[in-house]
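Written out below as structure tokens is the structure these notes cover.
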Amino acid sequence: MDLTYTEEEEEFRARLRAWLAATLPGLPPRPDPRDWPGRRAYDTAWQRRLYDAGYAGLHWPADAGGHGATPTQHLIFLEETELAGAPYVGANFVGLLHAGPTIAAEGTRAQCSRWLPPILRGDEIWCQGFSEPDAGSDLASLRTRAVRDGDAYVVTGSKIWTSHAEVADWCELLVRTRPVSADVPGHRGITWLALPMNAPGVSVRPLRTLAGTTEFAEMFLDEVRVPAAHRVGEENDGWRVTMVTLSFERGTAFVGEVVACRRTLRALAEAARGNGRWDDQEVRRTLGRLNAEFTALWRLTQWNVSEAQRAGGVPGNSGSVFKLRYSHARQELYDAAARVLGPGGLDLSHDWTADRLSSLSYTIAAGTSQIQRNIVAERVLGLPKGR
Amino acid sequence: MDFRLTDDQRALQEGVRKLLEGRFGRERLRAAVDGPGVGPEASLDRALWRELGDAGFFALRLPERDGGVGLGLPEAVLAFEEAGRALLPGPLVATHLAAATVPGAATGERVVTRVDGELVEWLDAADHVLGNAAGAVPVRSVDPLTPLHRVPGAAGGDVPEPDAVPAALLTAAEQLGSAGRTTEAAVRYAGEREQFGRPIGSFQAVKHLCARMLVRTETARAAVYGAAVTGEAVEIAGAKLLADDAAVRNARDCLQVHGGMGFTWEADVHLHLKRAWVRAERWPTEREAAELLAAALR
Amino acid sequence: MDLTYTEEEEEFRARLRAWLAATLPGLPPRPDPRDWPGRRAYDTAWQRRLYDAGYAGLHWPADAGGHGATPTQHLIFLEETELAGAPYVGANFVGLLHAGPTIAAEGTRAQCSRWLPPILRGDEIWCQGFSEPDAGSDLASLRTRAVRDGDAYVVTGSKIWTSHAEVADWCELLVRTRPVSADVPGHRGITWLALPMNAPGVSVRPLRTLAGTTEFAEMFLDEVRVPAAHRVGEENDGWRVTMVTLSFERGTAFVGEVVACRRTLRALAEAARGNGRWDDQEVRRTLGRLNAEFTALWRLTQWNVSEAQRAGGVPGNSGSVFKLRYSHARQELYDAAARVLGPGGLDLSHDWTADRLSSLSYTIAAGTSQIQRNIVAERVLGLPKGR
Amino acid sequence: MDFRLTDDQRALQEGVRKLLEGRFGRERLRAAVDGPGVGPEASLDRALWRELGDAGFFALRLPERDGGVGLGLPEAVLAFEEAGRALLPGPLVATHLAAATVPGAATGERVVTRVDGELVEWLDAADHVLGNAAGAVPVRSVDPLTPLHRVPGAAGGDVPEPDAVPAALLTAAEQLGSAGRTTEAAVRYAGEREQFGRPIGSFQAVKHLCARMLVRTETARAAVYGAAVTGEAVEIAGAKLLADDAAVRNARDCLQVHGGMGFTWEADVHLHLKRAWVRAERWPTEREAAELLAAALR
């Protein structure tokens, strides 16, 4: 049980910190959240700076153009950038954390050299076309169909919850290439394709969330031709191709968010001391309990990263334990914020009120808490599958 | 950074588990619970106590030059986690803490207890008391394996004595052990017990109870191990808060998974619940911990 | 929505109150809880007094020897006896509230005249032999076998959770008379028998609960001969026979307990005011919230009783809603007691500490909360059965 | 005693439900939410307001000799429950309470709002304000259908004005209606939505979420109806506490059952949640209610 960092890790941290201190003041102002082209430009410019400074694709393998950093270095990178208030990965998210690693692991040499460098340089951004209106928790039931026609697939269907679709260059798309039947379970007939977002037949419609914003979009595909050369992995093997990357998760997925929550918690305490709510024992102790909660979540992150560092890749199972606890804790954090704000909790001008609305998705997105509990019960605890 | 257990730590953990399985396995536990000397008259197994002493349980953190094992809080936490799993009775925390100061404590020859808030555990069995137990009156303890006295008016000021912080950590470790044990017990029972023609563990409601138990245990584990490494008082308060919660709620969920069987005296789950209640009353209680953690938010 | 009582109901209440005031001071001291014969004698003596005063079998139909009281009168009876601190129904429980009504509804004339009057007079007491070690939530899977042999059934098996078995005269027993098969679901081959507890082959072993007491027993049946004339209803029809009584529940099942909880809550507030814990906002507000809770549970009781009064019998469904809320509220009540008592919560000399232990069974006994939620979801809300 | 609804009460309930379905059905609701005048500039539908007046919604409790309907709190509670189900916008409680004192309120010709704690709903749309709204500043309301102003320093003393108690009851009735509506919505969706080849409502986890929602709703219903009959201030505080809890938690569970769909603007569930939050801030808040209920324990 060692929580001290090696000399090498501390050096890495110090260099990064110095670079952030020198770089951040020179950044342009953040764009309006509704200005998608502005956001793309801002996020990719930041990615370019990371690239130039040698931080792009930190955790990617060296032969994919990355730096092969350890999970611990990645943790340090995410912690320090969050602490410094650096821009988020934003529009580069899918490329850097999902599509890119998938291509690196399963793509051909040609595919790697076509798609990876532009991701690292911030030249191209990717979005994700996995979920469908009728395939949410049950992703394997997806219905968007692709039919082979010569050297292309013809794709028809619709996708949902696609972030940055309006400004993405590419979409990592899961399509059904073999119909489900008694012999073919849902996850067997799926194929992974790289869809150029400017292909004829692709249309995008912003999806308004309950927070009133349009962070997501729906995507409609009407006989879109995707070259067969854009297929990563074998036909009908897309489920495995995708899961390869999911199991590549190294315990760092929520590092920035946990750091941010701890900062928010301190700000809440300060606000409560300022507006008198601190004198309410219930409010005060609720903040105290959340302090225990987020400290533990930080330690749990360090635990998972340590496991990943040695064992190579955290099984998604510890990820489920973490996500269950974290998503509920984060919702409680914003419930606590509402109690601190009192009537002000109804005012959307407070970031915490807007964040409270966004936090409602945490127990749903990327696997509902119900699905996560199934995973923990069946895969970690070994309880029998239900019928 | 490598937060995982070292090989030595794993070996220690396994060693303590084996020792306790051999010397305080289920039969021995049930004999203690169903024996004559339960309740206020419970007697401490002096032979076991000395054996714990021999194994270094109390001298774990004493420097080797003083005859100790020369290990630190993380190792102590692993040992106390095992004690919590096994429901090992006795004033383990106090005797461990007294290893350096009370002669005979380190070797298990003398049994040491301490006043914690208004309560003293195992007062009659102890050879030495840390703190002032004057005027202590016996209590009909809810836990058959933890005799209790109450010291009226002893509930201290806001500043606990120096031992209080490591005591809180070791208590949290015991709670963690208990939380892990009840999770395992619930999972095992859920896999074996059949109702409606299938194991109850195949029902989502039972499955999710078990999953919640594991999440509580693993969160508490991260908190307790982390606090053991840093030794910071506030982090230890947080670890105690989460471990208390995990131990108490897991015992209750374990009872729920066991249904009627869990309500019987023969099932061990009530022993975990009652001990968890006793430990939750040790400093800092939930309320005290929450206040400490709040005050630290700056 | 009328919560006022009719003149007739108020008269009933006044008469009962006067009788209780005159009668209770003359009662002997309560027996030690471990003295089963003493408890039987005490409980049956109380039943005899009720009988002499015209209160025995208040809610039983007149032709069964009862008074045909309305659910509202029954509610008043239970409320007033609890408020006055009268003895509980105790050892008479199964006879008065389950076996008796079952016999009244499904028994022959001869059976009624043999068994009902002694129940009402407190001459005989009954216990219940339904649950088995392997048939808890899934009662229909019970395995105690009865084989017809001439004019008797020969019964072998074991039962559990049988209160008052040590001192009961009769046991209402569910046995399997037809083996389960692909064509015969579990609940089809069950028969209801009245077992004389002194029959050869019946043995009883006290069952210690986690509270350290022996409120329940296990019962072992080794080739016990039960006359066929002791069967109520048809052979293999025992499931329906039993359910008839369950659906006879008139919303009054927890009246006394809710009244008692409200008294406990007031006592907790007084204790907290006395020991300083009242100044802890969390403790105080927890008691306040429980005040809302138990007031609502009282209103819910009145609601269910009103439904029963008009519709004749509350469907078990509202019963499930009530029981779910009540059993959790009662556990919270004793958790709150522990917070009020502080270290004293670990002292079994406090009734509240002992009651806290007993309260752990509320979410398990008579249908776990999980089973109750299934009932609510499937029978009230009409959600599809799981597979 | 017959706590059930009378035939007249059932008829009233059905009448209001029909009126609101006709005049403020889902299309009208969505038009209001997605229309231009949402947020601080939301405008009140005066025609609907007068129609509510004509139907006796505001004059419900006025004596018949004063042109009212001559009914009591229980009937008002039934009407407000329907308003809560339908997410009917506007300062309904204040206008209803002003029926006897503010000319034109009873008929729906004038719109009345009131200062509640530090908040005033629909200030710009109102013709009359109960209480002192001087210095009120607009707020970016979380609920698109409830414009809010905040009156700095208006948070009153411990003793609320006389209207506060019936206002709390009618608010509780609205929350109850919302809790019932989200329960129905969750159950309907769970029966229709298929995942893994079966309706999600056949999964125990979803089933139990729905069951918990119903239990909350029915407990709140008993509390609100009971408080309406007795009219006691403490019982009303309890009803508000339970109805707030039911409305907020049911909306969240409904959202969870709806999964991603529940997170969209097009689903109605967020409107229930946001309105429930707004109503929960009306007097007494959870904290205030708990204190009142505690103080009453004698």
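Note that the chains are named A, B, C and D in the order they appear, and that numbering of residues resets to 1 at the start of each chain.
To be clear about the criterion, contacts are C-beta pairs under 8 Å (C-beta built on N, C-alpha and C of every residue); 3 or more make two chains touch, one makes a residue touch a chain.
Just so we're clear, the structure is a prediction, and the values are computed from it rather than from any experiment.
Visitor: By CA centroid distance, what chain is farthest from chain D?
Guide: For chain D, the chain whose C-alpha mean is farthest off is B.
Visitor: From the C-alpha centre of chain A to that of chain D, how far is it in Å?
Guide: 38
Visitor: Could you please state the distance in Å, as a whole number, between where the Cα atoms of chain B are centred and where those of chain D are centred?
Guide: 49
Visitor: Need the CA-centroid distance for the pair chain A / chain C, whole Å please.
Guide: 54
Visitor: At least two other chains touched by the same residue of chain C: list those residues.
Guide: 280, 282, 285, 370, 373, 386-387
Visitor: By the touch rule stated above, which residues of chain D touch at least two different other chains?
Guide: Correct list: 203-206, 208, 287.
Visitor: Is the way these chains touch best called a line, a ring, a star, complete, or other?
Guide: Its topology is that of a complete graph.
Visitor: Once bound in the complex, which stretches of chain A touch chain C?
Guide: 280-282, 285, 386-387
Visitor: Chain D touches which residues of chain C in the complex?
Guide: Spelled out, the residues of chain C in touch with chain D are 1-6, 9, 72, 265-266, 268-269, 284-289, 291-293, 295-300, 302-303, 305-307, 309-310, 318, 321, 324-325, 370, 372-374, 376-378, 380-387.
Visitor: Could you please specify the touching residues of chain B with respect to chain D in the complex?
Guide: Its residues touching chain D are 203-205, 208.
Visitor: Per the contact definition, I'd like the list of chain B residues that touch chain C in the complex.
Guide: By the definition above, chain B touches chain C via 117-119, 139-144, 148, 150, 155, 194-197, 200, 203-206, 252, 255-256, 259-267, 269-270, 273, 277-278, 281, 287.
Visitor: Can you name the residues of chain A that touch chain D in the complex?
Guide: Per the stated touch rule, the residues are 131, 133-134, 136-138, 141, 160-161, 207-210, 212, 280, 282, 338, 342-349, 353, 357, 360-361, 363-365, 368-370, 373, 386.
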